[in-house]
Structures are given as C-alpha cells and as structure tokens.
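There are structures below to look over.
Both of the next two complexes hold subunit A, though its partner changes from subunit B to subunit C.
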Partner chain A sequence: MNQQHALPARRPTRGGALAWLTEETTAGMARRKTLLAYLFLLPTVLGILVFTAGPVLVSLGLSLFSWDVISPPTFIGLNNYQQFLSDPEGLKSFVNTFIYVALDVALQIAVGLSLALAMQQKMPRWLRYAFRSAFFLPLVTSGAAVSIVMSFLFNKDLGAINYYLGLLHIPPVPWLSSASWAMVTVVLTSVWQQMGFTFLVFTGGLGTISPEVLDAADVDGARGWRRLWYVTVPMLSPTILFVAVTGVIGALQVFTEPYVLTNGGPGDATHTVVMTIYQAAFQNLQIGYGSAVAALLFAVIMAVTAVQFGLSKTWVFYQ
Partner chain B sequence: MHSSTVAARRYQRRPAQAQRVLRLAGCAIGLLPLLVAAIIVVAPVWWTVVSSLRPPAESFSLPPQWLPLHPDWNNYLDVFRKIPYGTYVLNSAVVSICVVAGQIATATLAGYAFARFSFPGKTLLFWLIMATLMIPLQATIIPVFVLISKLHLNNTLGSLILPALPTAFGTFLLRQYFMGLPNEFEEAAVIDGANQLQVFARIYLPLAVPGMAILGILTFNGTWNDFYRPLIFLTDQQTYTVPIGIVSLFGYLSTGSVSTVLAGVVLSVAIVLAIYLLGQRYLVEGLTLGGLKS
Partner chain C sequence: MGEITTQTYSRREVLKNAGLGLAATVSAGTLAASSAPLGVSARGVPALSRRQKATLRVVGQLDANTKKLTAMFEHLHPEITLDYINVQAPDWDSLFTKLLTMVAAGQAPDVITVATEGVQQFAAHNLVVPLDDYVKRDKAELAEFFADVHPTLVEAMMYKGSLYELPTDFNAVDMYYNPTLFAQAGFGRPSDTWTKDDFYKIAKAITKKKGSLTTTFGYGWVVRLWGSWTPWIHVNGGDLLEFGRAPGGSWLWDTFYKNDPQAKGRGGGLHWGPPTANLPSNVEALQFMLDLINEGISPVPTVNGGNALQGFFASKQLGMTPAGGFWAGGLHAAGLKANQFDVQFWPKWKTQRTHFGTAGKMIMRSSQNKDAAWEYCKFYASKPAMTIELDGNGTTPTRRSMMTAARYAPTGPSHWQVFYATLDRAGTRAMPAPTYYNAMSNVLDKYTTLACGGTATAKQALDGMQQELESLYISSIK
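And then the complex of A and B:
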C-alpha cells in the first residue's frame, strides 16, 4: 500500500550546473541568491583574508625567522623573543608606552566626560552648535600636523605656552627637552586632538540615561555632585568601559605624535613599542625581530583588554 | 491684613531683575569651563593661521600675534617652492578617493549580502569578519609590506590603496543600514519581475546612500590624515602624501622659516576642513556609530 504512493526517486537535473542554477523553481531562486551572496562577499572576504587574517598568521610565523627580505630567511626559533626580552631598550619602550596609555586614557576620559556633562546645561542653539564645532575641529587634522604645531607652541624658549606662563611668573617648562616632561607633552598633544571623539561618545552615553532616573534622584534629595557620582556615572559605566577599552588599544599603538614631536627623545623617553617595530622592521629590515615585537604587542593588547573586561564586572553597571 | 500676607506680598514685589541677573550669572559660571575648553581647542588653530602669515624673519618671535597685521602671503607660495606640494595634494587625493570609492563598493556589496541574503556559513563568516576588527595594525603590517614588495607595488600609491579596499567596519555599517530597510520593496519588485541584481541596484542601493556617505567621510578623513602607512610604503618623494610632505617640510625648515611650515600645515588641513564643513553631519553620525556600535 505504501509503495503505491511512494514518490519516484529524484533524478539529478539534466543539463548540469547551468540548469541547476537557472531552474525556475523556489529552490533555483534560492541557489541563485546564494551564489549572488557569495559573489557580493568575494571582494571583502578575499581582501580580509589576504590583508588581515592571513598576515596575522604569517607575522607569527615570520617572528621565528631572521630575515632581511633580500636574502633567504633563516629559522631561529624563539631567538627574536629572547633578544627583545633581554634588551633593556626594548623593555623601556614598553614602559614608556604603558605610561603614555595610563596618562592618555585617564585624561581623555576626564576631559571628554567633563565636556559632555558641561554641555548638558541649557544654552542657545547657536552656542551649542559653536561649541560642538569647536570641539570636533581637531579631529579633522592629521596627527602629523598637530604634532608640528604643538612642537612650536611647546618650545621651551620661543613657544607661546611658556611665554604666557612667564607672564604668570612661572619659569619656562622644558616641555620637549626634558625626559620627564616629554611624555606629558606627547599626551597633551594627543588629548587635544582627540577630545572631540570622547566628548561625542560620552554625549551619546548621556543621552541613554532616561530623565526619569535623574528626576527621581533629584526628588530623593541627590542633587549636583551627589547625583553625578551616585547616579550619572554608574549609569555611564558601560560607556566609560568602551572608551577605556578602545582608548587603551589605540594608545598602546601610538606612533605619530612621539615620532614627529620628539622622535622618541630626548634620549629614549618617548620611544614607544610601535617605534621599535618601525625601526626594526622598516628601517633596519629585521623582519623577524620586528614581527616578534609586533606579536608581543598583540599579546599585550589582548591581555590588557581581557583584564579590563574581567575587572569591569566589579564596577560596570548594566541596566 | 495678616502679617503673613504682607510678607508674601513683599516677597513677590522683590525686583525680577535681581533674579534674572542671578540666573544669568549662574549660566555664565556654568559656561565658563566650556569657554576655556573652546579657547584651548581653537587657540592653536588660530595661532597657526595667523603665524603662517607672519614674515619669515619674525615668525617665531614673541609675543605671539593674534591678528594678522601685515599678512605675508608669500609663505604660502614658498611652500610650493620648497616642496612639490601640488604633487602631494594630488597623491593624497588619488589615494583617498580611490580608497573611499573602493571601500564603499566592497562594504555595500558585503553589507547587503549579510543583511538580505541567507546562505550557509553566514553567521560564522560575519563574526569572523567582525573578529578581525580587533586585530591591531601592527600585527599585519609587516607581512603586508613584504607582500607589497613582492608585488613590486611598494613606493606606489597602489600600496596604500589596495590593502585598504576591504573593510570590516564598513561592512558592519552598511549591514546595519540595509537591515533597517523593509522587505516589502524586494517583494514588490520581484512580483514585478525584477531579478536580484535589479533589486539591489535600483531599490536598496539608492536607499543606502546616507550610510555610504558616513563611511565615505570617515574613511576620507582617516585616509587623508594617515601618517604611518605612507611613511612605511613610500620612499620616493614624488609619491609622498600630504602628512608626510608637511613633516618633510618641518624637517628641512624647522630651524628656518616657521611660518612657511605653518603655511604648509594650514594648507594640509584646509582641504579636509572644507569637506568636514560640508559633511559635518555625516562625520558626527559616523563617529557616533563607530563609537557606540549599537
């Protein structure tokens, strides 16, 4: 009985692949859509394989060799890593970078948050527009241009900043010529350029706080600073985490500002990890050594990010 | 009359002007930090513009000028004499426009595919691409440099354009845009006999123009101002882009004519600034989307 109603066995469609594709059925349409999808994705996927995903693996591999691009590479195992970790200059570049990261991210968050909070107050629309345009202005400049200008303004003897400090009877600060001040100057330059971005992110974050919560806090007697510290900031904590994580990742890779402002100096006070990679790989053509330092940097970035996320459970409050 | 009523009336008769003055003063105090911040932001820019117009001999002399009393436009001509600045602008323009066009193309295609098609491996592929956003530039730049060298593309503008064509961020951006568009357009078009390509090109693509504009302006900004990649890939002076160009000007002249260097800086910023003023809305939206990734 069942066999009488059984469907005939499916035969492969005649005509091969072309008929398989151009079949005027729902299945055919789905196949055409799938093929089109893969075609649409091809440039991006291929590009990412060739220029991002592939290179990461290649870079790890290269770090195990000694190579100068011209002669054939020689396998030296973990020698590059050993060399870097036993080189005080190399470790100093990591220390410098960490100092930069700490100062830069802290200042960025402080400035961006303060500006965003200050912009919450009532003001005429033209004034709000004027302030926002002003804060975004440095974002369209290149780090190189900003660094050039700042190197003039921060000049110890001829710079405008020390001139005005002198009017306040403050002795000239060796912004760029002292090993202790140089990193501070690099940080100030970078914060000047990027404060518009953190300001924007925090403005967005503040926008997600519902007015009811703030009103409730007001009614309960938490005004001003108390409300800020006990209500607004906790509700902003996801945004702060985002700024901190992306800020740290970006800051760990700083190059342009120290390169143009001080070229890693004075001495090696502002010599960062990426400057080490740049010099090793692209100036000295030590491809293997540069790749090893890059791999170490990548590992540090991942580790620091993981730690940040781990710690975030204790202080970030999600609605 | 009761004393409380008298007292109440006296309170109401207190001059309204006094209250208004107090409120204005409060507003002014609140605006003060913003004003200070705005001055800190604008002052270096203003100083740069004014100083670029000072005669070279006194370009660095104190006190700093804040008004261009005797503008010396020669400094701007000097920039073109000292370095092939026109070539630099052309190089930057070519690279930026090509990268913007390329990224818009790849991101639109890929974003549309992720948003509106379903196919085996879609979720996995999408998250793999998103994962690459976490890979720092340093982890990939050395092999890319080697690859570009082997392709004999180093020292050409192609070395800057080619690796920048695929974009995980742009794919994400355009995917979000396409996902926000309704399906009814496709259904109606298919009923009218359109094939998938026509649905894409004629219906959804025009609707995604704002997303493309955001990606375009963000990418233009980033590419024009990029310093690290051109520094690595370009060694021939004729191929330099603007940021490298002004730093080379800085290197030659930093102890000479400061105002010429500053003129170069002003020129380099002017172009992106013009585009920014035209498309400010898109830049802000793009930064917000990139910042919040909602």
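And then the complex of A and C:
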C-alpha cells in the first residue's frame, strides 16, 4: 500500500473513534478513504479466506490423516506422502501431466497466436466477427459435453475423423485406443476447446503494440517472418508470459478431458494427477491420500509458476 | 521418518479445527479424541405416529412419473413428505461417488438408490441399515412381493446374511442383435442354445469392409465391468473373483421361498473372495475378444462408450452387442421400431451363465426417519408404484408379473421373455461387486484398454490385473 493510503497514526481525541474518523481535516479524509478501500476489499478477502485459503488448510490438515469418510480420521503423520513416493501410478500421473502440460501449453500459444495474427489481416467486418465467434464458442461449451462428442468423432473404427482420413487414403488412427495416441487426442480436444481464450488474449496483446514500432520495422526492411520474430513476438512477450503462466496452472489441473475421453487409459497412459486425487479421495475413499497428492500438486504449481516468473526476466520485454 | 502416533478424531473436529488454520495443532495431536462415528447414528427412531410429520430426503429426479408416485405415497402417508434430491450421474460408479461425497459433507439423504455395484460397499461401510427386522415384521404384507421376484435378485441384495434392499429393477446381460443384418448375412434368429462358434460365424458374416475400413461390424462392446467382455469370462466357466455364498439368510428363504426350487442352496448373500483374473479361461475369453478386434469383426472398445455403442447399433453399424433390458427403451427412444432389433440369450461356451445388476432403495443409517423411509421402500416396491416408475422400458422390472407382451409391444423386442428367463440360466448371478467395487472397476478398465490397444497381450494384461486386484483384496480384508 502506498503512503497516500496508509492509515494515519491514531491520535487521542475527545470524540472517540467516530470523531477521529469523521474529522473534517485532510488526515480525517485520508482515514475515510482508507477505510472505504478496506471495505471494498472485504468481500474479496472474505471470499478467499472462506473458499480458497480455508479449504487449502483443511486439505493440508487432512493429508496427515487416514480417513475413509465413514470411520473417524486417524492421524498418521507423513505416511500419505510416503505412500505416494512408493506408488508408481501416482508418480506416472505426474509424468503424464507434465507431458500434457508441455504439449497443451505450447499448442495453445502457437494456435492462439496464429489465429490472432490471421485475424489482423484485412477482411469484411462480418467475417471477422464470424471467425471470432467460431473460435470463442468452444470455450463457453461444457468440457464434458465436448469430450463426449469428441469420443464419437475420434472413435477409431466408427468415428468421422478416421472416415475422412480414409478418403485421403490415410489408415485409421487409434486416437483413443493406443497408449501413444491417447494423450495426443486429449491434448487436441483440450486445445480445440481452450484456444478461444488464448486467441482473445493475443488479440488484445497485438492491439497494444504501437503502430509506430511496426512502421519503423517496415522502414528498416523487417517484413513477414522477420518482423514477426524480431518485433511482434518480443513486443508480445508479456502476453506470452501471461498465457504461459495461466495455461500451465490450468493444464496441471487437467481432469475433464482425460476422464471422459479415456478414463485415464489405455492402461494409465492419460491418467493425470487430478484423476489420481479424484479416484483416491472420492472413489476409493482415501481422503487423506488424495489430500496429500493435492498438496503436492499445489507445491508443484507454486514451484513451476515461480520458475516461470524467474526465467521471464531473461526473455520478457516490457514496453 | 520417526514413529507414527495414531489417534482418532471426529470428522466435525477435524474439519472445524483445520478450517481455522489449526492443521499444525491437529497434527500435534492436541485435539480431543472422539470415537463417535461421523454423525452416523445407529440409534433407532420410534415409529411415526399419525400426528408426527416427517420429511424424507430421497435421491431421485422429480419427473412426471415421480410426481405421480409422490402424490400416491403422500396420499397413503399424509404424515410423510417426500423431498427429492436430484443427483445426476452417467453411471452407477459416478452415482456412488456423488453419494459418498454427500455423506462426507454431512448431507446424506434418508433414502438412496443403489445397484448391485454398491450394495456391499454401502453395507460393509455401515452406511445403510439392514431391513431384516422390518421384513420380518411386515412379512404378511411382503409375501406377495417375494412371490413375484426371482430369488437370485433378492440374494444379490443381501450382505452377510442381512437384506439391504427390495430389488425393483434389474438388467441381465443378453445379446442384442439386428435381425435385418442377420437376414442379409443369411441367418435367422439364433437358437436359445446357440454357441460361441455360431456367434463367431454370424459376426464374421455380418462384418462388411470397404477397402481396409470396416463399415459394418459383427459385434461391438464397451469397456466396463457389467456387460463388457466379462460375459465371455462367465460362459467360459471363469470369474474375476472367487465366488462363494455368505452364511445365513435362512430367515428369508425359509419364510418366503420355501417351495421355490430356484431358492435352493442360496445363503446370506454373495461372497467375493480372492481375485482369479488370470485364470486360463479368462485369458482365453479376453483373447477371443482381441481376435475379433484384430480380424476387424469388432471395433476397438473404449471406456465410457455406452452412448456411442447405442448410436452405432441404432444406425445399423453393429450386428450384435451385449446389453440388458434398459436398451429396449433406449433404442425405442433412438427411433428404432420394435421389429428392428431383438434379443437372445448369451451364446454357450462351456456354460451359458451370464450376470446381472439389480437396484432398489436403501435406508441410510444416519436417517432420523427410518420408519418413514421403510414405508417409502415398501411402497416403491409395490406393483402399482413399479408400474408407474418403470414405464417406458428404461430398465427391467424385478416382478415377473410385470413382464408382459403388452409392456413390450410399443418398444420391442419381440423376444422380451429372454430378459427374465436369463435369470433361470444355470449359474447366472449378480456381477462381481465386492466392497472395493469402484477401485476394481478402474483396474478392469485399465488392463482391458491396455490389451485392446495392443500394448499388452491378454495374458500380460490379466497378470497385471490380478496383481492389482490382489492388493485391493488384501486391503479390503484388513
């Protein structure tokens, strides 16, 4: 908080707190402004405490217990964390999630940026709106519904995608039934659904690039790919950082697409961390173990985000 | 790590204190211990007098049929009001997960709908109450119900000698087929005792290819425990878990099924022992499925593909598929006419035994209105109530007297008698659903998809399955 909003030191006055607050002086006005600011912040702070910090603390506490919902919880210290370290499936779910994050975030950025750049081209206004709506529509559609439809489309033998590939003499791709393809399918489904958001953010980012900078690049002979790589991308780097950070946080928590499309299979090829948490806590009634994995995921998200911000100093350019 | 101290706390205390940010204090063991079980009271509640009003929280969707049922019930029992809680779930596994979450949140309803998949799970965890005393008390009233319901369906609702539900609907695994595709391939309706080889011949003949692509498949299925590749295990004489019968239950059989030959030898419920997933008969059954896939007779099955399978069958891309009575209503809703599909018993291999799942209402132990809940359970299992609730053939009624030609005339299939007669096929019993059903279902999905995707052979997949099931079994008996 800056100095202007700092709460001035209380001085003893005859009228008590109310008089101190309503004092018709510059200091009194400053106090009222500060109080108002806190009042505006209060709902948000309360919301965070009750719905975010509270559950996080409860979950952290529960990670030290063995609890099946039905019997009383038993304190077991760090046993749940030890169990995770000796659980190859749990560790595999982290590996799967990292693979998903890498593919998903890279593709989200590439596709979102490409679409945003394509929309910079001259075209009739109605066409631009039509494209924007088409890109954004999947984002406001239920992830579960999208995944169900995608499971029809990606069916190896009866799905529409392989039918059209067949017309091009491409043999059927085992989108959902092969351990090596299933993750690709999950990523493609997710990218298709989420690309509207990255497109929107990049469109906003491109709008903030000063036309003078682009004109200067033109004058200097930087056009096409050179201009994109040496001018547009560096100028967009804060936006790319934003997309990367929010994308990684979201992708580390992926659940709906693999759950509906493959239920983590074939085998455990698409089994993600949040699926491990869900199965442990709500299917196998190992609430403590699920909480421990959730705590580990929380730590991983914090660490990855910190690293991203740390590295950003080397490549993010603020105008 | 140092020695772990163990101490128990009530759920309320843990949540309260952890919520206050006292997780560290909790871990230090400073909270008062309590052995009281999680708000789950075992105390009985005195019977309702006519003047006492009770509101029953019932899991269910308040659709048109339920509204009719509610009006009927509240007319019969003006002292009881029904409050429906709509729990949406695509399958039984998801429903149980949601119900358990409600229990964890302290929002347990009074009456829940539970199928075979969850009977032992709920009973073993002491979440629900046995109905024995109620059934004994009201035996005169219930004689008509039991006389109308196959004993194997009742046995599926028992656990360790006690009855937990009055079964109201079931689905046995049978073979649905498309008569038009059969006729085009030169086959008529298969005989009641058709064999696995007959099945293979027909499936192969139905399969049509265009280049390397199959356009019509002889047979299709989805990966799950009920009606997946598991019927092939059973007809091949195998089982995923060692099967036995719990002792007890004579109080029921002697009272209601004394002269029924089908009730002979039944006990206090199904007992699922150690896993037997990698028996040679099971490997052979899975290999048969993989052969069908490799030959292009069957598409590669996926998890959660039930709706897609129904769509493919309805669009005449599948010749045969495993399904139960619930498909009659589903296919009718998908636009198929009554003569466009039919059903037959599962083909014989070493046996002709398949499995079924059945469902009914359970009373939660935490209910403060158990007597009212029992009245509701009894009402729900009455013929007038079941006639309304099971309208449309979205499932199969457990009452033999409700299985009529008139019932199936609007939807089909022509040979609707197969649904109930499947229960008489020697050895047919409830699907394997031990207390660790959810975890078992995930393990089955995992290894079946590995085999079907070509990542593991049938033997490797079932060895892996066996290993994981063994560990689940050991945890369950600790």
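The working rule: the second predicted complex is superposed on the first by the 271 of 319 C-alpha atoms of A that agree within 3 Å, B and C clash if a C-alpha of one lies under 4 Å from a C-alpha of the other, contacts with A are read in each partner's own complex, and residues count from 1 in each chain.
Heads up, the rule we're going with is that a contact is a pair of C-beta atoms (placed from the backbone, for glycine too) under 8 Å apart; a residue touches a chain by one contact, two chains touch by 3 or more.
Note that the structure is a prediction, hence the values are computed from the model and not measured.
Student: Could you check whether subunit B and subunit C clash or fit when both are placed on subunit A?
Tutor: With subunit A as the common anchor, subunit B and subunit C collide in the superposed model.
Student: Determine, under the contact definition given at the top, whether A:Asn284 touches first (subunit B), second (subunit C), both, or neither.
Tutor: A:Asn284: touches subunit C, not subunit B.
Student: So in the superposed three-chain picture, is A:Phe152 touching just subunit B, just subunit C, both, or none of them (first/second/both/neither)?
Tutor: both
Student: When the two structures are overlaid on chain A, which partner does A:Ser114 contact: first (subunit B), second (subunit C), both, or neither?
Tutor: Once the two structures are laid over each other on A, A:Ser114 reaches subunit B alone.
Student: Using the touch definition from the top, say if A:Val187 reaches subunit B (first), subunit C (second), both or neither.
Tutor: In the superposed model, A:Val187 contacts neither subunit B nor subunit C.
Student: Would you sort A:Ala134 into first (subunit B), second (subunit C), both or neither based on which partner it touches?
Tutor: A:Ala134 sits against subunit B, while subunit C stays out of touch.
Student: Classify the contacts of A:Val45 with the two partner chains as first (subunit B alone), second (subunit C alone), both, or neither.
Tutor: first
Student: Once chain A of both complexes is superposed, is A:Val260 in touch with subunit B (first), subunit C (second), both, or neither?
Tutor: Once the two structures are laid over each other on A, A:Val260 reaches both partners.
Student: Name the chain, either subunit B or subunit C, that contacts more residues of subunit A.
Tutor: B
Student: Should A:Pro171 be classified as contacting the first partner (subunit B), the second (subunit C), both, or neither?
Tutor: second
Student: Name the contact category of A:Ile70: first (subunit B only), second (subunit C only), both, or neither.
Tutor: The second partner, subunit C, only.
Student: Pick from 310-318, 346-354, 364-372 or 382-390: which stretch of subunit C gets in the way of subunit B?
Tutor: 310-318
Student: Which subunit A residues contact subunit B in one complex and subunit C in the other?
Tutor: 53-54, 58, 62, 69, 148, 151-152, 158, 163, 260, 282, 287
Student: Write out the stretch or stretches of subunit B touching subunit A in their complex.
Tutor: Touch list, subunit B to subunit A: 27, 30-31, 33-34, 37-38, 40-42, 44-45, 47-48, 51, 60-64, 105-107, 109-110, 112-114, 117-120, 122, 125, 128-129, 132, 134-147, 149, 162-163, 165-168, 171, 196-197, 221, 224-228, 231-232, 242-244, 246-247, 250, 254, 258, 261-262, 265, 268-269, 272-273, 276, 280, 283-284, 287-288, 291-292.
Student: Applying the document's contact rule, which stretches of subunit C touch subunit A when the two form their complex?
Tutor: 1-2, 4-11, 14-15, 17-19, 21-23, 26-27, 29, 34-38, 40, 93, 97, 100-101, 103-104, 125-127, 211-214, 217, 223, 299-305, 307-308, 311-312, 317, 436, 438-439, 442, 445-447, 449-450, 452-456
Student: Quick one: in the complex, what on subunit A touches subunit B?
Tutor: 32-34, 36-38, 40-41, 43-48, 50-56, 58-59, 62, 69, 111, 114-115, 118-119, 121-123, 127, 130-131, 133-145, 148-153, 158, 160, 163, 192, 195-197, 200-201, 204-205, 242, 249, 252-253, 255-256, 260, 274, 277-278, 281-282, 287, 290-291, 294-295, 297-298, 301, 305
Student: Considering the complex alone, what residue numbers of subunit A touch subunit C?
Tutor: 53-54, 57-58, 60-62, 64-65, 67-79, 82, 148, 151-152, 155-158, 162-163, 166, 171-172, 174, 176-179, 182, 260-268, 279, 282-285, 287
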